[in-house]
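Shared between the two complexes below is chain A, which pairs with chain B and chain C, respectively.
Take a look at the complex of A and B:
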């Protein structure tokens, strides 16, 4: 599989970003860093260091106390939130599905008015993605809440991918998965990164021992986020 | 069908019948189950007062309860959803709700008669008051107990506030709404008899029927009327549970 030429431009820029929750110690102080388009970042760091908050800042679920975060050169607040969230999709660590079938859950975002301009994915595309992460046995009319946590976690990933984001922000995407399923998820993400140039930022505790893509590391600790090998 | 859950009921009925037959229990105060069945037959064939048959009493009572209960549900559910959704609205309305809620529905009877006169409206209003607060408060609590992660996930998937309200908040509150409906209809049904004691003059209604039976010293028909009230309450609760099962699918 030929790798596409990686676009080296920065897609996200943090400039002097400071953030802290009210009545708590400051989490990030004067944070400045850039995220490269088309790169695959693994975010590491001790518990409570702010890995999740870092992703939430990019998705505007949290706002910096000071400093600016830019997406494609423009401050995040210059974009209407729906447009921003469509481009920078966050998939939370807690896999969450609503009371309904697998199909209803996968297509839920397409029932939202903000996504009405998006084309509904074809059945084959959904089935291909599900099969890629070993969910081929899950039927569309199965009730989502009867699936295992690991299956729901993968279902949430597919639900997000169907929206075709530019940047995927993943908070522990394989935390509930066994080794084989985690491997399948990593393979899918690598494929999308290589073939479609999807920028991935994934918080993970698991060691990445594969070599299909060049991973970049981000270490979150003591109020800083730094590139690491 | 598992019949073991009816064993205790059956034993008590047999014991009751035996104690009455041996005249240990005075039947002029507590008629035997057999006499109650005969009373039920009289209510069906002769009527209480004569010519006012049981099915008509049931229909009138059901009509009043349905009216009061529907009004309570139509007002209580949307209001509960809004109060659950908006902390500000909740803060503003809380003192009023907490002040009015503890007033027993029966305490409203005199003012209800003044406002609506003796009749259908007055009885339905009392039933409405009995059903409204359980429905309202359970709906609010249903919204408040939805895990915030649902709202956040919807937000990250680009949902508008309207989408979040209708596609996350409402379905998330449904199980609790049903608890409110079941408690509400139960209290409404319980309030019915008292509402019909005083607030009815049509000559129909289970409460009215029981009061007339008391006036002419027919404890068997009083108890038969009570039995009918219990049975209908049981069936209504069962019906709501069935609806709940159909709507809240993942619990099945």
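Take a look at the complex of A and C:
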């Protein structure tokens, strides 16, 4: 009974997951853990420990050698990959835009045929999100590649949020940002976590000690991922 | 036609080697260290072309479809092997899919040209089918090699961009669309450029050969036009097929990019 209750609050479950890159040592061995729905996880660990790979396993850019990863109780392979990925949305550490305007980049996901059922966001929603992370001065017809790395990093976050994912997987989301912009991004993520119940997993080296959200910690080291304070 | 041709005897062949001696001298003078390659290249040119001459003579005499098709298949197998060896990226195994698709498309193109356009009777008449297939395969092989090399290196170089799109819900075709387009363009440009320059900047080898063999230049031109058009068409078809097949092979069924950066 207790197990059933616990399963309902889990959105991702790893069961005996082993993973390694071809011709390299195994990175994760027999990994079993659960990610709680609506929680805000901060992922820590030394460089090369597998933090990014852990996120890539969740959105299925990598495939476990053995074991099962479940999303809402079903194995990841029960979902068509494109549908799975816009629900378990990964934003890479290196912010990447395509050759085009800010608007083209923001609406890029809505041009994919697997996302054709999704409603295009309204202009006000885009503007509100941009303003929230101090991008109000960026114009829609600006060329995205002329923006600074910090602006591109925030643009990529907004582009992802417009898809209304269920889980946001962030790889160093504030690595290229100054303190003020980083603060704005954190505030936005906290708001979405509290108000909309968005589950967030963020790889970060920065300490979060602000009071709005109860953060949970995950530590990646020596082939394991464990909850930490 | 052969009556007008000046025969090349052993003496003339040896005399032509003077040009190789000049090239060898230049290599020695500048310390290029190409003398050995020049020697091997010259020996291979003599050996391979004489061998080809005897094989063609034999096949022409047999006058049967099977040896013609065997030569045709032999050329395609070697073309795919050459393409494979020219591409630096070895993570994707494309030999068999490429062999099958190249065999089908070359067969369609070659039969169209010999049987329908030229109207040879039968369609496999060796003196038409073998040289025309050879030109087709030789030229589009370069285009396919350029296209595939470009595709694979772009997918690897732009991995971040591809995975960004996959993460946003794109399928592999949408994520690699730009790289596919660039690869096809890279493969087709040389064939289109040669159409622009033909007859102005250079006289193509086939036409030169026909004229030297005593053919009417106006007749040689017609053959050359057929060949040029055939080459552009087959290059486009092969680049399209090759790039799409190999692009599919670069992704797993779960739409994961399989090309990985090399671990140092």
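Annotations for the structure displayed:
Methods note: the second predicted complex is superposed on the first by the 221 of 229 C-alpha atoms of A that agree within 3 Å, B and C clash if a C-alpha of one lies under 4 Å from a C-alpha of the other, contacts with A are read in each partner's own complex, and residues count from 1 in each chain.
Here is the rule we go by: a contact is a pair of C-beta atoms (placed from the backbone, for glycine too) under 8 Å apart; a residue touches a chain by one contact, two chains touch by 3 or more.
Being a predicted model, the structure only gives us computed values, none of them experimental.
Aligning the shared chain A places chain B and chain C in steric conflict.
Once chain A of one complex is fitted onto chain A of the other, the partner contacts of A:86 extend to both chain B and chain C. Of the two partner chains placed by the overlay, only chain B lies in contact with A:145; chain C stays clear of it.
Using the contact criterion defined above for the overlaid structures, shared-chain residue A:94 touches chain B and also reaches chain C. Residue contacts after overlaying the shared chain place A:77 against chain C, while chain B stays out of touching range.
Of the two partner chains placed by the overlay, only chain C lies in contact with A:21; chain B stays clear of it.
In the superposition on chain A, A:62 makes contact with chain C only, while chain B stays out of contact range. With the shared chain A as the reference for superposition, chain C clashes with chain B in the stretch 130-138, and the other listed options (4-12, 22-30, 130-138 or 220-228) are free of clashes.
Shared contact residues of chain A, touching chain B in one structure and chain C in the other: 59, 61, 82, 85-86, 89-92, 94, 96, 98, 108-109, 111-115, 156, 159-160, 163. Residues of chain A that touch chain B in their complex: 59, 61, 82, 85-86, 89-92, 94, 96, 98-100, 108-109, 111-115, 143-146, 156, 159-160, 163.
Every residue of chain C that touches chain A in the complex is listed here, in rising order: 160-161, 163-171, 174, 178, 252, 254-257, 260, 263. By the touch rule above, chain A contacts chain C in their complex via residues 21-24, 59-63, 77, 81-83, 85-86, 89-92, 94, 96, 98, 108-109, 111-115, 156, 159-160, 163.
Remark: chain B residues 147, 149-150, 152-160, 162-163, 167-168, 171, 174, 248-250 touch chain A in the complex.
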